[in-house]
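First the structure, in the form of structure tokens, and then the observations on it.
Chain nomenclature is as follows: A, B, C, D and E, assigned in order of appearance, with residue numbering initiated at 1 for each chain independently.
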């Protein structure tokens, strides 16, 4: 689905992502883990086009998208969430979802001013989808609240919902679980699995909760200090000495059954 | 104070208030919906005023002109020229973040003002353009012409209101507000942020140009003193904030209320005792400043606060 | 070339110093309270009139009476902050920007009411400049303005980087809510911001008034150039504002020097466009300003 | 043991709407207390109200036997309370070192150098980053800076809003070890956590907050083993 | 009943610093009327309207004077821009006579005003032309010129340059400058390098004009200055000193003969306000205000439609001469049905069909602490 080839990113200093290459296979759920500061979020930013590359290429479905702007990448079916929530703070929750959806007819100024009938149907569909999303994420009680007033966890849910509203082919989830109540998170996992299975939606997720990762992911990619450390099945990775050293530590509080 | 006097005072307040309402609606598109901090309103207003004046006046050796076009063409020219100016400005600096855009637009408006006072081949500089026609100026004279002009101005206000309202309730408007709140995530959701901003800025500037044109035809004479930033940029911002930014009705209400307060304070200060008479104008400014503080503190989100457009609920 | 120094550079540095002192306050208020303070020029005016009034009673060199102007400006700044800005603190900053527009009107009209709108001079008469090395002419006042500004800049630098209060100011400027969480008394920091901003504004106001004459629009007329200076230096960077002010001041004058032909490079009637031109160009290519200020 | 922090019938919210209602909560000296609950339950609001960042409409809060209900945040810090908020918890343009320094302004420690050394030895990763602006750090690194800053004033009571959110397992471990460690030094901790299972393991007491009300309180152990709690708040029986 | 007189001034705008003496002058005229027997059968009541120096403000303020205060006639405004805007959008449609003391724009001549818009200063073209002749007569063949970039400066400055060149003078440097700057040294550098014999300054003493003269002297760049009425301000002498201005001369509107009315007004003014009266536009403002009240008295009622005719009647010869302060005399003459002719401090004001005055320009030099008129040009 996505292939990252020799990507380098720098924020002006040394490369924080240095010559990383990997594939995200279509139709699968791939995990991206690694210690704090490894460059995972930066990798997502690079894939989605929010930071310029210092080297390398990124391909989406075989086509080079390196020079495309973020919105052009999104138009090709790439969606991402932000680790620190980036909600539309003055819009209500429902509006946040509607705004995230693609509404090409209604976003054309000419239509808006001179041909108003044209986007009614599109709006209706968008509204339905938004309402369903609210129900799915169990945030009905705040659906007309301004997004800026939501709690930390609610904002994370909003991030996920907006990404889904884009009807993408691939979604990059950046620590969607951090700060989400575990019971709800379990439900979200189920939905992700469902979307993956039924619609063949591709996911790549950054997560620190290994339980959650192992429940969802077929395979994980491990990054450390800006480089690719290894890639493999979750259990394989868990056993790897380098990964244990760089990532797990003693495992004292690991919530294993 | 006789009744006809009062009536005609009302007419003049409503004409000026209507022109301000157009400006205020334009600013609402840019700021209320798009979050673009345009602090150079006077510049685009001036461009529109001069465009319309030059297009409609008779030949003059003193400045460019002599097109003698009918007034509707003049107003259209005002919108087009101000829109193009806005487009050029937006091309350069619409990517700037809020307050920086404000600084840049103040700067650009100031440069436009200097061009207007200095390039006399184009504008006759500080001496101004006279003989700007009024609509139906040949048919109606005297005070009744004002009533006719009132109708012209408010037709424009209505048209602009309908336009702004359509923009506001549309997906386009929603996307704009989303961009205002968070640019990065709008980008991630596939919105071409720069394109939306550019459209917003241009639409706003074109409407400001229209207001400029309306005022040129009202004064029938155009000089740099018609585009004083204090009375254009500053006052319009006050009107929008007082009326309720993000709300088109609020924009109109703000324009009328603030203009009326601005104008009517003088009626009271000119009734001060004779010892104060030479100072009454300063007392009036003081009063305006204080009233403004009162409005800001008491009507926090404006007279008509921003509401999300109604989404059908079922 | 001596003409260049006498008639372009030195006047440029003088007006630049005035811009610089005003811009420091604008930059600090921008950094800490996060709004463009449109009444800052009028604060300068108020300070200038404070000294002017003192001169009527104590006829000595106005610079010695600066404390009167500074005190008046501080009182004025703290009062408007308390009554007009503080109630709006929790709202989006645009409200405070608009409020400061109103305060500018209030200051100006008060100045007109108390001191009348006419021109008034600190000391009248032609003051012939000091002539050094036969050709270098500089008026005493200009020497004082430029050197005092440099001294103030150095003192301010040490204050901001060394003192605890100065460092707390930077923290509040960076993330006000977190600064409150860290237990900083943000209101105290705000008050000190006004104290410093108003003091420098008053000083600048007196300089400007002495260089020409006092009138109620004195500061308002300088405001836009001072904003340009603050942006040029980088928002929230007082040192940047000083440098920005000097650059703008010098650039305005020097741009009219006949660099290429015998004609001035830029017609003097476009002088004030120079400041904005520099500012807009800078915003496009280096929006954080020369001193890497905050990106808004 | 007497309660270091005691919250009685607390009601608070935003703009007149009560988010938390009638909360009672005691935190004994030298214990670790954890608040868990669904998203939007009002956990952050509770912490913010205790720290005087959100307006309290009813109820009293006392600290070390003293009523602190009316005090401002800047008065609470010198008394020995620190907080790490959930988001925006570093000064982005200040360097890491300056961020730590800010922690000492309101309540200067006796030996600043020693405290700083201490904090840096807790978060060795920060040593390389001392000169870097905190806004340029990764999510986890920011969390460390935020904790470090809060510890610089040598607080008696530390309020933490989801301190491990976004931290890798290694750091989660480090933080929890650290919490146990600083508790040994006489620091009392009240924290909100979504990594609830892990948190309850180190906690002496736990409180479950649901829609603004204190749903159930008990020892960490007992909550971990409570079926209802497991099912509704700890991610079900899956674990 | 009392009669209101509308006084439209640019009180708070860009020319705010000139206004206080002008308000004094207008108030003085009203005082003279009320002390000399009042207006019609009551008192004259001044009502100020503030244009704020902008067109919007001018139209609004004029509208209030006309519609709310119901004044029969308006004195003002001062700037050409505000005067014309107020006339076009407020006074002319309402049929109210407006008399500006200072608006000099040539555009005013051509406005279709139904004989409602008057002024008592000659249009720019006139003073500029006269000044050119004056300078050449003095034997000065090479000058540098600077004028402020507003309607006043550009109007006179441009005409001067054209007329001067046409008559054989050489303008070695011409610099248009901005108002309100602190330093004009760089402009002066350009001007002085060209090597003119004198510097012609068309600007206000209270703003750029004063600064230019001062900075030129301080910098040793010019010693001889030629100014217009904007510069001919006693404050200039106070600030620069008579000595430094000894070789300079100034032009300003005046009346044909040696004008006793001017010194009379100045005395009255100084007695009332204990400050010098020789400031730009004080004379004209007093005269215009006085004339509006004469017109009301002449019309016999506050009927707006009679004002234009009455204004022409009291201003033009023939008739019994009256001057500043002569209200009682004028009132008596009007009562007797005699024709009067007001000759003011600033000229004798005979309106032509456009409502303009021909005017006389005097040549002034500094004499001690005041200006002395040494010649008159028609």
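FYI, contacts are C-beta pairs under 8 Å (C-beta built on N, C-alpha and C of every residue); 3 or more make two chains touch, one makes a residue touch a chain.
Remember, it's a predicted structure, so these values are computed and weren't measured experimentally.
Between chain D and chain E, the least number of touch steps comes to 2. The chains touching chain C as well as chain E are B. Chain centres here are means of the Cα atoms, and by that rule the chain farthest away from chain D is E. Taking the CA centroid of chain C as reference, the farthest chain centroid is that of A. If you average the CA atoms of chain B and of chain C, the two centres end up 30 Å from each other.
Chain C and chain D have Cα centroids separated by 43 Å.
Centre-to-centre separation of chain B and chain D, using mean CA positions: 51 Å. Look at where the CA atoms of chain A average out and do the same for chain D: the two points lie 28 Å apart.
For chain E, the set of residues that touch two or more other chains comprises 11-12, 20, 149, 176. Contact of a single residue of chain B with at least two other chains is seen at positions 117-118, 282, 284-285.
The set of chain D residues touching two or more other chains is empty.
Chain pairs that touch one another are A-B, A-D, B-C, B-E, C-D, C-E. Residues 48-50, 69-71, 74-75, 79-80, 82, 86-92, 94-96, 98-100, 102-103, 105-109, 112-113, 116, 119, 122-123, 126-127, 148, 162, 165-166 of chain A are the ones that touch chain B when the two sit in their complex. Put simply, chain C touches chain D in their complex at residues 164, 167-168, 170-171, 174-175, 177-186, 294. Of all residues in chain E, those touching chain B in their complex are 11-13, 20, 23-24, 27, 46-50, 52-61, 63-64, 66-70, 79-82, 84-85, 88-90, 93-95, 105-107, 110-111, 149-151, 153-155, 176.
Touching chain E in their complex are the following residues of chain C: 3, 6-8, 11-12, 14-15, 18, 109, 112, 116-119, 121, 124-129, 137, 139, 208, 211-213, 215-217, 221, 253-254, 256-258, 264, 267-269, 271-272.
The touching residues of chain C, when paired with chain B in their complex, are 30, 36, 83-84, 87-88, 91, 94-95, 97-99, 101-106, 108-110, 112-113, 117, 224, 227-228, 231, 235, 267, 269-270, 272-273, 275-277, 279-280, 283-284, 287, 295-296.
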